[in-house]
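What follows is a set of structures for review.
Look at the two complexes coming up: chain A is in both, with chain B in one and chain C in the other.
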Partner chain A sequence: MAASWPENPRLITTRITRLDGMAKASGKAKYPSDMRPEGTLFGVMLYSSLPHATVKSIDTSAAEKMPGVKAVVVIVKEGATLRYQGDDIAAVAAETEEQARDAVRAIKIVYEALPHAVTEAQAMAADAPVVVKGGNVKKGRASTTLEKGTETIDAAFAKAESVIEGTYSVPVITHVCLETHGLTAMWDGPDKIVAWASTQAVQGTANELAGRFQIPVSNVTVLTDVMGGGFGSKFGADIWGLTAAELSKKAGKPVKMFLDRIQEHLAGGNRPSATGKIKLGAKKDGTLVALAAETFGTGGVSRGAQFPLPYVYSIPNTTREHADVFVNGGNARAMRAPGHPEGCIIMEAAMDDLADKLGVDPLEMRIKNLAPKDFRTEIYLEEIAIGAELIGWKAKRKPRGKNGNGPIKTGYGMALHQWGGAGARDKQVTCTINPDGSVELRSATQDIGTGARTVLAIIAAEVLGLQPTDITSNIGNSTFVPGQASGGSTTTPSMAPPALNAVTQAMEAMFAKIAPAVGGAAADLSLKDGKLLVKGEAKMSWKDACRKLGMTSITETGKFTDGLSAGGVAGVQFVEVTVDIETGKVRLKKIVAVQDSGLIINRMAWDSQVSGGVIGGLNYGLFEERVMDPTTGQMLNADMELYKIAGASDMPEIIVHALDTPAMRARGVIGIGEPPTIGTAAAIGNAVTNAIGVRVTQWPMSPKNVLDALASASNQGKA
Partner chain B sequence: MRAFDYASPPTADLALKALAGGTDTVVMAGGTDLMNRMKDDVTSPGRVVHIAGIKTLAGIDAETIGAATTLATLVASKVIKDKYPALWQAASEVGAVQLRNMATVGGNLLQRPRCWYYRTGNGLLAMKDGKSLVRAGDNRYHSIFMTEGDALFVAPSSLAVALIALGAKATILGADGKERTVAIEELYSIPKAEGESELTVGKGEILTKVILPKTVGKSASYEAREKESYDWPLAIASAHVVLEGGKVKVARIVLGSVAPIPFRSEAAEASLIGKALTPETATAAAAAAVKSAKPLSGNAYKVKLAEVAVKRALLAAVGQIYWEV
Partner chain C sequence: MSTEGSDLPVVEESMVVPCRHLRNKGMYIYTDGSGGESHDGYDNTIYWCLQTMKSFGPDDDQVDGHECRQPGRSCYEAL
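Entry: the complex of A and B
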């Protein structure tokens, strides 16, 4: 019989500190970028300084002769086109980082500059230079849904009693991983390689390296013990990783190659921008009737600016036309809940604007328009009630612009979001029980900062009557049994079921083996508090029981089985802000995040995922923006100074509330990494608007955007 | 960053020698500005002369502040806090605590502009093919005053704003070993051509101390910024008023982060003379201060911020804070 989650868990659902928390906090943990095996050379990338250019010639001869230089690799051929600032050209490995940087500067590139477009406005202009063949604007077909009996979207709007029109925009942001992209590569003979990679996918990275060098993947070991954040941008070896391996092969020494902060911003991925020209109509009571949306965004030189809209709410008549705009900027990459934060911002802003026009409570209007047949609706209702209570919605919120004397205005906003988070069905975990009592789990998944290692240990400890610290949770090694790549909030729901099965199988195999020696049938044995019980009575310690295994360990491989995990979460966030209308300064006072995600394995790590999601979201709401210069095509803030992110003193009170009910627990394990970052920026925008009485249509909610919105409203005589 | 010589002399005289001995030498105090420019290849000195170890340059003695005094030390001084609140407030909001632990008073006054065109290698005036990148591009953090010329970056020092309002002076040890003392505002000038500096302290010279006036009136600074943690002012103002019989006798009002040099507003000052300092007169003075503002394409919002900063600095100086809840 397949295993099931315990009805009254001892550890699961409780708060358990991370196994590697102390090592990380004290600096003992070795991140991939800390790895310097004996003789390591430093790799440095040379990347394009121009946004669009042809490489006329590359001359590496001077660089090759420089002190300490051990290998040079040219990535692009002469004549190739570079499509954005940060596009890869060549790389150097040298004995010191300084030597490598000097050598990179000594590579002579003759560029022929091509005209560029780095902003959406430039790319969409009538006389825009060609960013990609076939046009800079790729418009999808309009998709329209109409209810029975309604012929056109205009006819649908005619039935609405109130309609708002608005344009809402959010800029491109970058992932800002604290550990930049990269790896350290070390060859062991001509056809074996070890790489310490900062990656969300050890096996994917191993496959890429094997493919590139035409060696069996079993000869490739990718190790990621811990890593410094990926957020969706670190799924492969990338050009720089493959180049590091190539430099290492050439030089016969390990090569460490991690991007500098500038290239990290330029080429390490980004979340596309989004603009939505929205028309939304409803009946007097707030029941939505129709939505018409023209949207666009840019994912750089790649597609990927699509996002879900309509979002969350059920609207009988909708039409949507979306265009991907291509600019000379780095490729978009998946970023924490790809598409959803953008869709949420645009939908929720329009919802609030319409509620304001109708004079209905935006909370009530949201409830009214939840999808009637969606299982999430019940969950939303419960979450909205809890969140409203925690923020004081009914008691404290006032209509727009009516809250506060003097320049400091108070505002409240909310947003709903949703996500999938179901696991993959083809992953495995092995569990080994050794005669000395040690227990080891293995799988080729990795901990991208979510606490994945601890999750597996908690499950094993739960089943075996031990403590998580008794378990060795061995992940981040591509040579282990297949583990999940960490994307889409799927790691825990993919790995928890096979972990439970592996440990349960191993325990059963152990019982079968030691039963004769401990005086009972296998069915009479159980484990509790570090002891082996026979017919419910403590017989011996766990260690003594394991000794009965004799010389042989037990290893079992667990697979996915149904019923242990699920997908599909809701979630609501509420925000309280004050806005100084003289300075445009927004201060976050309180953020309430009410979130479901089925059965929560480690509540402490779960809370930290939700807080982390909120913090990421508040950066999006208040600060972040990739700024591109139209003339030079350069990114102007490729740093961590003018690319702004919150520090400790910008943090509001964050209240994390888990919808941890018997009904939710019964659903099994669901991922949590992405959903809690979706709604924050949308709710902040709505809170700011509620405070100042004027819609700020441009994210982030910076003093500039807030003051500009106030100024343009007062020019129109509205404020 | 490129390779460079390094000297860490124990005395100011030896520092002068070390500065004179190399090509392209530069002083380093806390290094929080210089190192960033070196890492970004904006500044590539042949020799760095580190003055942090020169004991005579550090510390606060009555009205004299050594140039190598850290901002943390400045902020910890009760005398500064009580007698020169404009300076204390400006200093206490610089960057964040980690920065203030390293950054020095001299380095703060002589730091180079943060203009993102300058810092990405386009030169201080950021002209390309005879056109201003700043005017054509993203100028949200740039000047709103004196924007007729090509220098559109903003003077970055918060301390300079407060020190000018307070009427402070700086002493400079010249390359010839002779000292001179100048008003803080004389440390700055507007460059007319690429290659000219916005600073008047020459290569091979050392700023040794800042001298505050013995008697001062009431003062305060107000800064508007995006983040609470680690950030720059979008606009900052320092106000210093001497009141006599409830009326303003002397007023010095200076704005920062709004022009290529600290911007003293004589118009605002004049509007206050002979009047009581009230919300109404402060509002009028603030309006006078921004009358000559000529914002660029993307920074009209800074005019509002500059205006509010002047109003609030004035009212804070007389304890009339109306904007905190």
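Entry: the complex of A and C
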């Protein structure tokens, strides 16, 4: 019989401390960048200092003779085009990091500088230098949807009783992983590699290493016990990982290669920018009639700047044109809910602006335009009601610009978001019950900071009547049975079903084996509070029962089965801010995040995930921006000083509310990593606008952007 | 795609085998074929090439879900 989630769980849905929490907090946990096997060399990458250039020549002879240098690898050929500051050229491995850096500086590169375009404006100019063949602007699929009886989008807008037009923009931001990208590679003989990698995909990374060096993947072991954040940017070995392995092969010693903070900003990935020129029309009561959108964004030299629009709301007539703009900047990479934060910002800003023009409550306007046939609509209604109560929307919020005469203005904003978060159906977990009573789960997934290790242990402990600390949750090893790569909020919904099945199968196998020895049929046995029960009566301890297994452990492999997980979540966030209109400084006072995600396995980790998502979102809303210098083509804030993110004193009160109802639990497990980071920046922008009475069209809500908006409105006589 | 006057059969893009070096994040996640990076109404898939580990292939042209299904491309190797 297929396993199912318990109706009255003992551990699942409760707050469980992470198994590796103390090790992480105390520094005992070893991150991949902490790993230094005996004889480890330090690898350093040489990257382009120019935003666009041709490599005329590379001379590594001086570097190879430098003290401590053991290997040099040239990545690009002479004549190659370098397309952004940070583009990889060569690498050195030496006995110390300082020696490797000295040697990298000794590599002689002759560049031919090429004209560059590092901003969208530069790249879209008529006389722009060519960033990529085929043009710097690549148009995406244009789409138009019209309701029956409406011939054109103009005819649709003619039915609207109020229309707003606005342009909203959000800049490129980088992932800012606290542990930078990289790995430590160690060869074991001529055809075996062990790599300690900071990755979201141990098996994907192993496959790439095996493929590059033409060795069997079974000869590659990628280990990720813990890791310091990826946010979508760490799938695979990357050029620096492959280069580390090549340097290691040449030097005959392990090589540790992790990007420095500058290169992490330049080449470790980014979330594309987004700009939307929006026209949105509605009836007097706020019912949306039509949307026309022209959007663009840049993901550097790669594509990927598309985003969903319209977002969340049902609009009968829409037209959309989008263009990806190529600039001389590092590749975009997937970043926590790719596309959704951008789409949410642009849609929700336009919604608030139209509500303000109509004089209707933006909360009521959102409710009015929820998609009637979407299962999420009922969830949104419930979440909006809860969130509005927690922020005090009805009691405290005033219409835009009606927030008193003093310089400090208080404002409120909100935003809705949605995500998928369904699991992949092809992953496995093994469960081993040993005669000494120890229990081990194994799978080639990894814990990217979300608490995945603890989730698996909770499931096992729930089934076996044990505590999570009784379970060894062994993940982060590419040689184990296939586990889920951690992206798209899919890890828990992919891994929880096979974990439940593996443990249930192992328990049943154990019962079948020990039943004769404990005086009952297998069907009479059960487990509770660390004891074996026969016909409901405690017979012996768990350990004593396991001893009845004799000399052989039981190992079962669980696979995915339907009904244990699902996909599709809603979510709403409310924000309270104060804005000093003399300095432009925004202070966050309170953020309310109301979120659903089906059955919650570990409420403590779930709360942390939502809080973390909100914190990521408030960084996007208030601080983060990659600043490129149009003249030199350099990133001006490729560090942790001028690339702003929030500190402790910037944190507001964050209220996390789980929509944890019987109906939600019945849906099964759904991922939570991405949804709570989507709506925060949009809600912050709307709160700032509500406070000061003027739309700030450019994110982040920095003092400059706030003051620019106030000045612009003042010049137009609006403020 | 069809060419006027050509005798070649019309081949849907989805039927053409992609290059074995083409990668995107969805390939690592939706290994069961349940989904991908493309969505109704928008596609923000970011591709890279396993040969270069970048968004440009060995031939210095862009890596793309369409371009990397072209057997005529010099670096193309069928999956």
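Things to note:
Here is the rule we go by: the second predicted complex is superposed on the first by the 716 of 719 C-alpha atoms of A that agree within 3 Å, B and C clash if a C-alpha of one lies under 4 Å from a C-alpha of the other, contacts with A are read in each partner's own complex, and residues count from 1 in each chain.
By our rule, contacts are C-beta pairs under 8 Å (C-beta built on N, C-alpha and C of every residue); 3 or more make two chains touch, one makes a residue touch a chain.
These numbers come from a predicted model, not from an experiment.
On the superposed chain A, the positions of chain B and chain C stay apart, so the two partners fit side by side. In the superposition on chain A, contact of A:Asn637 is made with chain B only, not with chain C.
Looking at the shared chain after the overlay, A:Glu508 reaches neither chain B nor chain C. When both complexes are overlaid on chain A, the residue A:Ser702 reaches chain B alone and has no touch with chain C.
In the superposed model, A:Thr578 makes contact with chain B only, not with chain C.
Applying the stated contact rule after C-alpha superposition, one finds that A:Asp524 touches neither chain B nor chain C.
Legend: residue contacts after superposition of the two complexes on their common chain; A:Glu95 is shown touching neither chain B nor chain C. More residues of chain A lie in touch with C than with the remaining chain of the pair chain B and chain C.
When the shared chain is aligned, chain C comes close enough to touch A:Lys133, but chain B does not.
Contacts of A:Glu440 after superposition: neither chain B nor chain C is touched.
In the superposed pair of complexes, A:Ala422 makes contact with chain C only, with no contact to chain B.
Vectors from the Cα centre of chain A to those of chain B and chain C enclose 120° in the overlay, to the nearest 10. Put simply, chain B and chain C get as close as 25 Å, counting only Cα atoms, in the superposed view.
On chain A, the surface touched by chain B in one complex and the surface touched by chain C in the other have no residue in common. Residues of chain A touching chain C in their complex: 80-81, 83, 132-134, 140-141, 143, 200-201, 204, 208, 211-212, 232, 235-239, 242, 272, 299, 301-309, 320, 322, 331-334, 338-339, 420, 422, 424-426, 482, 484-485, 487-488, 490. Within the complex formed with chain A, the chain C residues making contact are 23, 25-26, 28-32, 34-35, 37, 39, 41-48, 50, 52-56, 60-62, 64. Residues 98, 101-102, 404, 406-408, 578, 580, 582-585, 587, 622-623, 627-632, 634, 636-638, 641-642, 644, 646-650, 702-704, 707-708, 711 of chain A are the ones touching chain B in the complex. Across the interface of their complex, chain A is touched by residues 1-3, 96, 114, 116-117, 120, 122, 128, 131, 133, 136-138, 140-141, 224-231, 234, 298-301, 304-305, 308, 322-325 of chain B.
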